[in-house]
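In what follows, subunit A forms one complex with subunit B and a second complex with subunit C.
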Partner chain A sequence: MDHRGRYDRVDDMGIRSHMAFDERRYVVEIPHSMKYQMGSCGIAGAINVNGEKIPGSMIETMITTMAERENGLGAGFVCYGLFPDHTDEYCLQFLFDDDDARREVEEFMKDWVEVEWDEKVYTSTNFIRIAPPFPLVRRYFALPKRKSVQFWMQGLDDDDYIVRMVMLINAKIKGAFCVSSGKNMAVFKGSGYARDIAKFYDIFRYSGEMWLSHSRFPTNSPGWWAGAHPISILDWSVCHNGEITSYGVNKKYVEMFGYNCALLTDSETITYLWDLLVRRHGLPVEAAAFSMAPQYYSEIERMGSQERELATRLRMTYKEAFLNGPFSILVGRGDPITMIALADRKKLRPMVVGRADDDSEFYVASEECAIKAVNKDTSTWTPKAGNPVVIKAGEGLVRTGLEPPFQGVV
Partner chain B sequence: MDVNLPEKYRPIIDAERCIKCRKCIRECSFGALRFEDDRVKYNGGCVSCLRCVTICPTQAIAVREVDPQFTPHPVFDEKVRRSIIAQANSGGVLLTSCGTDKEYMDIFSHLLLDAAQVTNPSIDPLREPVETRTYLGRRTGRLPMRDGKIDIEADMPPIISMDMPLMIGHISLGSVSYNTQKALFSAAKDLNIIAGSGEGGLHKDFYGFSDWVCSEVASGRFGVTADYLKRVSSVEIKIGQGAKPGHGGHLPGEKVSELISEARMIPKGTDALSPYPHHDIYSIEDLQQLISVLKESTEYKVPVGVKIAAVHNVGAIASGVVRAGADFITVDGLRGGTGSAPRIIRDHAGMPIEIAIATVDQRLQEEGLRNKVTLCAGGGIRSSADMIKAIALGADVVMVYTAALVAMGCKVCQQCHQGICAWGIATQRDELTKRLDPDIATQRVTNLFRAWNEELREVIGAMGIDSVESLVGNRDRLRYIGPNHRIAEIIGVKHSGEGWG
Partner chain C sequence: MSEDELMDQCVVIDADRRDELGHPMGYRELNERIREAVSKGCKNVVLNNVLGQRYIGSTIGVARIEIHGTPGNDLGAFLNGATIEVFGNAQDVTGNTMNAGRIIVHGNAWDITGLAARGGTILIRDDAGYRVGINMKEYEDTKPSLIIGGSVRDYLGEYMAGGSILVLGTGVTEGQSPIGLYIGAGIHGGRLFIRGKVESYQLGAGATITDIAEDDIEELESMISEYELAFGKKIERDWSKFVKIAPQDSRPFKGYYDKTLI
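The block that comes next holds the complex of A and B.
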């Protein structure tokens, strides 16, 4: 603390540094000067396809191995297969600035959902280099109140209903943010180095069939817990490294379908795009990935007639879903637990896939070192630009990211 | 009782250089020059079309703007007094042509483009693909599924694929010459873009271009026959035009030649005045019916669009038009061109296209319609910079007309309504129309738009965008630098200096 009672920020080397933009740190409230978040990042993910659990320590090792890809302003984890006892309920995990915000959310949710069980999420501030304030973290296992006036008025199916509620809470209730709302999964994220966020949530106590993680190197923003990755809606979660040059187009597009972009970042629109294209519009993952990272028309001309027709239709219909500019993303989805990895069509951001020699586990990371750090017995490859890698629990490697774009789809 | 107005322009002939070939005298269709006393003399009436200047083999002619002769007055400026005198002379509505020459705020010049630095790489179009393919027509918003797969055999609404996000605006045969229209159509064909037919149908010689022609159905219904409707790539109902919102087409009798009288089925030499409204469209339901009729008569094979002038309520009107079934919507702004219009309406009615694009795009998005319709916009697009900014504001396709004519030779002298264009463009007189070689004109228009498209690729590449659809409505990549930040608010563009975070 300095003489004015402010907490110092300490960088990775333990050296105190001033906060260039804003001396405050933010939990849920949006930093007042912020209009957009940008920056590059490290991403890592691991999935076990045989139904065995991966410990949190493994993902922590993966992401912290790439520590030079972060600057201490945001990191996060998401774990799938986390609540075997609560697979049917939506797990709504919240960050609160204070108890008032918590009460307000609980009051709000009364009209919308039946909370079957709620609990405080374990957090610890021991031995971490993050300055306060810290959020209150709480999770609610809930089901839509089918008989409520709200449910009847909204006239939506369960998933859309939950999306609507989460959007409303995140937009309307100050000091509260729902960071994840899927079944059998939860997001643990915040402002700090990945290893500190891991300690804060003690992710070592959790294990699940799939983990994704993210560490940020934001170029423009103060620390903001709610703004960190993974960004999640329902059982979708996205860890994103990149900067989308078409953000204005994509944001307007998802807003048209009722998504509210509260996090001021392109990564959020990507999350909503996956939900929109795959869950709501029913596109196969390959087709959705193609819409986001389409091949060039010159390549499309060379496809077989059916593929060409599909590719043209996708580009035409989903031109607003096209993510232009550099990105590599890791996308997680539950039921069945699935990991999707996708890079932009020019492959301007790194991504490596690893396969354990016994085919039980698969890894994706920005850098190969992250994979080798947790399992030396892996073969690795880099997927092609704009070509999705798909790994499904129970099925294994569905796509390597090297196939023709619509293999198995047309 | 006519009062002479002081000259505005004066050709100056350098006697030393002049070789007395008298070419200029033959070329000046405004009769401003004569040969007397062994030299070229000036009669008066020069409009500064620069025909003589361009044609003179020894470059002996220069046209000079005459210094203002009216006493300076900030309110009763020269233009005002000229109009009063001209109107007192004629007792009629003053006609003019081209886009307005009043200095309305040109918002394009107050917009700055973004470029990629560090956090995302720029893309070099010479080394990597940067795509500009653009579709015109209705989109379905989502793809129908069958047995868990995307049904690629399902019917899709007709849609046109163009090689660049640009179309040549509607210029009718009548307002311009046969050769001009031929050149515009063949340029459209070479570029694989669409050119508007303007009012009055499609001349049978041009049936070969039908795949690249968007035919206009205007209030006069000139030349609209079932046969004609089958020979076009798309149909556009013209409700209004940016240069004269609320008015119909106006073809002065001077331009109704044999050829035109045949095409429009009206007597030679009579004014062809289209009604102001379509007399079968007094409401949005009526428009809906006409759209259905046109779709029916074209057997649902071509997109049917609607063109409206940018007026104050353009957002709501556009959304109504889309709901009425339009596959594409064209918005024409205040500075749009015309072959003939009353000056009062050209100069005083409408809305700048920059604001119109942004409000229409916004409105269609709010109503969940934006991903179903193509938005074309024009009216004052002078360069690729304007085109890029118009796209970033929200237009899918940019419509250009005056620039295409300038490429052919037009000098924007604003005399098209007189029908004696010295460049053979806005005229029907045989001796003038033959001045325009359609092949050369085609080449020049093609060159111009190819260059614009190349510049578009350069600029979006610099922004880190490798396909033009990612620019459409991407207002984040624009910043405002003008004097009125309220405009920036309305068009949804941040002020320069406001970063992303």
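The block that comes next holds the complex of A and C.
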């Protein structure tokens, strides 16, 4: 538009438009100034409930179909059921800046765990659009050293012991980051477009019973390798689309239970909250989801007496676990492999669930096109706000996300 | 091909054409090809294997666009008179700020369908998601209408300033409501018609249940016949089952910030 407010051009249909939107000027790639005009994170997940393996190429197709949702500042994948030969050991997968950091971590871990097997994770920098430097990626299959002084001093069970060690490494050792620490699973993440991260780790060589993925459009936290999603602790992993405005309260709450927030992003508190509420406090998934995305008190008033009692107590006990702000999250857990999908209580972020016609596979994604891209024979629905969808390997669809909040709990 | 030949013919675009990475055609290329065809005078565009391409048909004036597959977000944004027919589900933000025309979805349309529509008609055969018809508006003869065959979720017609929304509630279990909570929150114009149960707690601030007048029945009749024509379904016309939701006042928050205005 010129200074008198006139339009630059009138197209063949007589529609006036501004010069900046004349797409013919941008043939090869999206102009830099327009990269930030749209987008938000994309999430996608697929699970096979019959114990068959899903190839990495499928999840890559799902997440890259929604390429408009990312801006190249982070993407990641997590695969469950990845190491059938190492189901008992914790798989600690690290990103290292250099060999010094690697040696320091190895030295640190000597007191804590017995490393049964360690290997370099395959990475390739060919044909990708990510600028160096690239981290070294290495994984260690380890068991807690039960007879060590450290184990005796900590006085924790195996899971809590590993959590403590991971928290210490991430907080104390410069240039090293433990991105996943669960059994029979691993996280592959970094700063780049989803298709480049997929190529960097060559996720096409892996297959597992469940895959979750995330492509990032960071809004108020920096995009960096360790800060990409999925954010994982033990066998929990979380892909998050949205932002947590109650981050300060949630962060303080999880820190009281010994979790250290080192990733500079609001999403990590969600991972720690799931670990805290479900693994450590033993809440059913429905109750944990309700604590994070509770209904309004006006809705609680209309519940039956038992549900009302439970809802009120959850809101009071876990008021600091309430995640305020828009989010849709995909949560993965191992043993049994479980996928949980949850949107905030106002459904301010998109989420679609797909069910393969033969009930063997289930998909969750931000957009329906991601589901249709890998399986056209699916029926799709959107779960209700603040209502978790639960899919378990071996059991199938446990919750559709359309039930009353505490169905099957009270 | 001469222009006359093109007029009679329909242009078929296969959006499944993959790039070297195996990804479907980008939305820029697809929209460019649609616009190119329409600008040459083609009145019928058929898109096959559409997979999440955004902004399909945006600002198009005169044409009929047939979509097979799953169109992406912002389908028919700023639509200016064209007819878009989707054989499949639509995603979010269908008919964003549309001006005129028709969008017909043979399936579901998810969240924020009909956002800030200023005119035209959106017909959804089955269900829709959250915040449907939010901030729709009308001016004189230009009135948007949004017709949903199944059910919708919370925040239907939030901040509505004009236009009509009809929810037919097909497939809803007996005794259940086809709408969610906070219906018409902050509404100050327009009207919503719901076939089925509506409780007063479902209404948002500023909305109220009113009687159906003679003019409304005329409008309902025309909206229902449009739905029947589009999807070949028969809808029972029992006006006693319909509930009308309208604004309490054209300025629902008058005096909210300045108490002296009450």
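Basically, the second predicted complex is superposed on the first by the 365 of 410 C-alpha atoms of A that agree within 3 Å, B and C clash if a C-alpha of one lies under 4 Å from a C-alpha of the other, contacts with A are read in each partner's own complex, and residues count from 1 in each chain.
Simple rule for what comes next: a residue touches a chain if its C-beta (ideal position, glycine included) is under 8 Å from a C-beta of that chain, and two chains touch if they have at least 3 such contacts.
Since the model is a prediction, treat every value here as computed from it, not as a measurement.
Visitor: Which holds for A:Ser124: it touches subunit B only (first), subunit C only (second), both, or neither?
Guide: After superposition on chain A, A:Ser124 lies in contact with neither partner.
Visitor: Is A:Ser298 contacted by the first partner subunit B, the second partner subunit C, both or neither?
Guide: Both partners, subunit B and subunit C.
Visitor: For A:Val409, select first, second, both or neither according to whether it touches subunit B, subunit C, the two together, or no partner.
Guide: A:Val409 sits against subunit B, while subunit C stays out of touch.
Visitor: Please work out whether A:Asn50 is in contact with subunit B alone, subunit C alone, both, or neither, and reply first, second, both or neither.
Guide: After superposition on chain A, A:Asn50 lies in contact with neither partner.
Visitor: Does subunit C touch more residues of subunit A than subunit B does, or is it the other way round?
Guide: B
Visitor: A:Ser379 contacts which: subunit B (first), subunit C (second), both, neither?
Guide: Neither partner.
Visitor: Between subunit B (first) and subunit C (second), which does A:Pro326 come into contact with in this model arrangement: first, second, both, or neither?
Guide: first
Visitor: With both complexes superposed on chain A, which partner does A:Lys346 reach: first (subunit B), second (subunit C), both or neither?
Guide: It touches subunit B and subunit C both.
Visitor: In the superposed arrangement, which partner chain does A:Thr317 touch: subunit B (first), subunit C (second), both, or neither?
Guide: first
Visitor: Determine, under the contact definition given at the top, whether A:Thr87 touches first (subunit B), second (subunit C), both, or neither.
Guide: Neither subunit B nor subunit C is touched by A:Thr87.
Visitor: Which subunit A residues are contacted by subunit C in one complex and by subunit B in the other?
Guide: Comparing the two interfaces on subunit A, one with subunit B and one with subunit C, the shared residues are 298, 346.
Visitor: Can you list the subunit A residues touching subunit B in their complex?
Guide: Interface residues on the subunit A side: 33-40, 219-221, 242-243, 245-249, 252-253, 255-257, 264, 281-284, 287, 294, 296-298, 306, 309-310, 313-314, 316-317, 319-320, 322, 324-326, 345-346, 348, 409-410.
Visitor: Using the touch rule from the top, collect the residues of subunit B that touch subunit A in their complex.
Guide: 116, 118-121, 123, 128-129, 131, 133, 135, 139-143, 145, 148-150, 152, 156, 159, 365-366, 368, 370-371, 463-467, 469-477, 494, 498-501
Visitor: Within their complex, state which residues of subunit A touch subunit C.
Guide: For subunit A paired with subunit C, touching residues are 11-15, 23, 61, 64-68, 195, 298-299, 302, 346-347, 350, 352, 367-370, 372-373, 380, 382, 384-385.
Visitor: What part of subunit C is in contact with subunit A in the complex they form?
Guide: Listed in rising order, the residues are 21-24, 27-28, 31-32, 35, 38-40, 51-52, 54, 59-61, 69-70, 72-73, 80, 88-89, 91-92, 108, 110-111, 129-131, 153-155, 181, 201.
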